[in-house]
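Naming follows writing order (A, B and C), and every chain is counted from residue 1.
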Amino acid sequence: MNKLVILLLFLIIILLPFLGIGDYILRIAIMAGIYIILASSLNLVTGIAGQVSLGHAAFYGIGAYTSALLSLKLGVSFWGAMVAAALVAGVMGFVIGLPSLRLKGGYLVITTLGFNEIVRLILINWDSLTRGPMGLPGIPAPSMFGRAFQSNVPYYYLILALAAITLFIIYSILNSRIGRNLLAIREDDVAAEAMGINPSRYKVTAFVIGAVLAGIAGSFYAHFVSYIDPQSFSFDESVTILSMVVLGGMGSMAGAILGAVLMVALPELLRFLVQYRMLIYGLVLVVMMLVRPMGILGKVPFDLNFVLGAKRPDRTRERGAG
Amino acid sequence: MFLQQLVNGITLGSTYALTAIGYTLVFGILELINFSHGSVYMAGAFIFYILATQLKMNFIAAFALSAAMTGMLGLVLEKMALKPLRKKGAAKITALISTIGISIILQNGVMLLMGSETKGFPSVFQGRYFNVFGTDVAFIQVFILLFSLVLMLALSYLIKSTRMGKAMRATAQNSEAAALMGISIDSVVSFTFFLGSFMAAVSGILVGMYYKSIDPGIGYLAGLKAFSAAVLGGIGVLPGAMLGGILIGISEILAAGYIHPGYRDAVAFAILILMLIIKPGGLLGKPTQRKV
Amino acid sequence: MKRIFMSIVLVVIMLVTSACSSREASAPGKEIYIALAAPLTGDYAQYGESFKKAIDLHVKAINEKGGVKGALIKIEAFDDKNDAKEATNIAQKLVSDKKFVAVIGHFGSTPSMAAAPVYQKGGLVEFSPTSSHPEFTSQGIYMFRNVNTQAVEGPILGEVAVNKLKKNKIAVIYINNDWGLVTKDKFIEKAEALGASIVASEPFIGGQTKDFTPTLTKIKELEPDLLFIAAMYSDTGLILQQAKQLKLEVPILGPSSLNNAQLITMAGEAAEGVYLTSNFFPEDPNSIVKGFVEEYKKAYGVEPDQFAAVAYDTLGMLVKAIETAGTDRKAIRDALAQIKDYEGVTGKTSFDENRDVQKAMVTLQIRDGKFVLGD
């Protein structure tokens, strides 16, 4: 019975563009795909490695701009540009991660937030490179076998492939030694260090991988919407992505997927409530945290008190501030 | 010109200090990054706006009443949205997300009720000036600086010498032990939130008077800068918030005047980040020990 | 595992239901649907609201007179939060929903630019009352705008500064977005061509900066004879107040974005004497304008600003095109492009071959707390 349902879902996802759903829903599906990559990659950093980052949109933006600029100014093909975007985002992830990840909890959050704002301000002010607020219009569509993407359909399959690859990468990490070490660090990094695991190395690794994946999503986004400007990569965007992870359930891969899809689809369904949309969105966050803080698919019991060093009721030892 | 820029910086900085003091209090006691502090600040300013301009209340009464009402607002928010999380021992990030949600609700709620346009804000400070070493300093600039100083001193006294203050300090150090000693953690938390929100309103109103304008968006950056100021000076350390605020104000103004105005906010953040990497406890904070 | 399935099933159901809900059977003929895409929440909500108020007013008047050949106009509003992603989603939705014959939107250049490729590919008119990004109308033949681009207004301001106000040592403060950049560039180009010198050109980040003291202090040192401010009225209000506080006494000139009563409320005395250009001011004795202002005041209790005015005209021009062409999307586009000398509340309007407009502007001045014609 289960197998049949899985098969059916699989078929629906593969054949989505041909099920007569229309361009609008297809676009929503594509956006959902982008956010699945973003949410899962953040989940790796925050849910699994336990490093709360409010700066994920910065890597998204760096990926988008790198890819767009390479295509527009140097005529690099989408595929090359995307690889470059991933690399640049990864390097930035390393540069930022190395010093920041020594910080704990609240301090780490602020640092990632600050970094996000700095990136956005650089994008706005360095107009000789980025055209500042004028943005980058006319970003070329990807081409395959000599033909550029004409409709939403090839974009859908591309993002489907990218999302599948992303999920596979994260899944593999989770089930490898790296993954186990990350979870150990998450639970108690002092103890992990005592056992010979170098927390810094693993945290930075997770952070860099997260950044690389976000950069890939950014590159896709740029070539999908063909116009980007700094406004799209602000702190608000980082909050949105983090909320997806929290909503779906931190540390849970399926949770990240669900959170992403919900938060892409819900605003579209709630569109009839136009004026109240943001208000309801805030309410959803608050109510979710009250009613089911482990997220929809989070594991019970919710063990992630480590995140900001909160004290667990059954432990008697003290933790440092934050 | 440099002196004038310095004055500008100190003034701007004291607006940050004012808000940071409230912020650091809550963070210090509850270890909670309260994203809604900025929106509460904004709500306080709007409540004053309604009382003073639409209900035409006397300024002093409106001031006191709006601060008190905002304090109550903070209390209610804590009771409804954060207390249940605390009781369940939920992860701190849950509370953080919740405060983000609260901030969105408050900002959009105010926008729906009052409209999103910038509104002229009443002010009691008309153009009186002092002349300090050849530069003009407006009365309100001096007032805000002195007021933050007084506030900081008053709060320090509260924390050090009153019973509630001691209870707050005990809770900040070790809430389990404090509870075992008979301190009602719930009361401490409620009081802290009331106080924090009260002060957020006070800063919101004063800053509104300084710029003679408010809009529902003022909370966002005010919250972030206060946040940075508190951490720069040392989380939980009141004089630190004051110092942090002024330092950020000065560096921001100098960057805007001498380097490039577009990067002014980036400079503030960059300094913060550097601080955290070099000395995370903040300038006046105490280094913490990690015990196993 | 079961929970994962249930959630995925839930998600798929949601997608399918939204697919069904957007494919509505529309009754042809009796109602004509025009979409309004603008920020209705967020930082720019006031502008979207101005649009909506003005458009609703105009639609009501048209419908009372029997609509367009018996069919009533219906407006549906969509909130883009001035965000590019929202705008593209909305654009896709509108393109796919065949009941909409045209779109009035968006407000900001970012969403207008981002959504343009979608509208162009889908063959749906995107008529923006305010988008001023220079490359907007070159995104496609379905893109129209109803505002002088800053490429037009900037030089006019330059002329006012040098020829009319006779200033030649000018300091500039501008908002760092596409609108501000183009305004500043075109102003400076013209002013310098006419012989003035620009002593300062200081940007600020809109929505974030409230404290202009460092910039104003710097400018005061330079002793200009005119301060040109390219910003929205709310930022300008702050600049004016702080300039007064810093005792920076210099004449001030700004573009039509300053044409808002709130500026005077906010800045009070500091706003006295400020010059601005405009293609709409409420005291205009022209009968069309008077009628509009009265109706607006009666309906909403406030005077219309120039955003309301241009939205009002935008709707009017669109309806004119529908009268000529019917409800076919392409026909409407073609008819719209042909419009010449439309008499509206923002003056006489014609489209050029790029679907841009050139509207005449007047110079206003703030005196005794009111906007009057500058001399």
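Definition applied: contacts are C-beta pairs under 8 Å (C-beta built on N, C-alpha and C of every residue); 3 or more make two chains touch, one makes a residue touch a chain.
Keep in mind that this is a model prediction, so the values were computed, not measured.
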| item | value |
| --- | --- |
| Pairwise touch network: line, ring, star, complete, or other | complete |
| Interface with more contacting C-beta pairs, comparing A-C to B-C | A-C |
| Farthest chain relative to chain B (centres taken as mean CA coordinates) | C |
| Rounded Å distance between chain A and chain B, as computed from the means of their C-alpha atoms | 31 |
| Gap in Å, rounded to a whole number, between the CA centres of chain C and chain B | 36 |
| Chain C: positions in contact with at least two other chains | 41-42, 176, 203, 205 |
| Chain B residues counted as touching two or more neighbouring chains | 108, 262, 265 |
| Per-residue overlap in chain A, given as positions that touch at least 2 other chains | 121, 124-125, 275, 278 |
| Touching residues on chain A, where the partner in the complex is chain B | 46, 52, 99-100, 102-103, 105-107, 109-111, 113-115, 117-118, 121-122, 124-125, 190-191, 194, 239, 242-243, 246, 250, 275-276, 278-279, 281-286, 289-290, 293, 302, 304-313, 317-322 |
| Residues of chain B that touch chain A when the two form their complex | 27, 31, 33, 81, 84-85, 88-98, 100-105, 108-109, 112, 174-176, 224, 227-228, 231, 235, 260, 262-263, 265-266, 269-270, 272-273, 276-277, 280, 288-292 |
| Footprint of chain A on chain C - complex, ascending | 1, 3-5, 7-9, 11-12, 14-19, 22-23, 40-42, 77-79, 81, 83-85, 88-89, 92-93, 95-97, 110, 113-114, 116-117, 122, 133, 135, 139, 176-178, 180-181, 203, 205 |
| Chain A to chain C touching residues, read off their complex | 2, 5-6, 9, 12, 20-25, 27-29, 31, 121, 124-125, 127, 132-135, 137, 225-229, 231-232, 254, 258, 261-262, 265, 268-269, 271, 274-275, 277-278, 296-297 |
| Of all residues in chain B, those that touch chain C in their complex | 1, 4-5, 8-9, 11-12, 108, 111, 115-120, 127, 136, 138, 211-213, 215, 217-218, 221, 253-254, 256-257, 261-262, 264-265 |
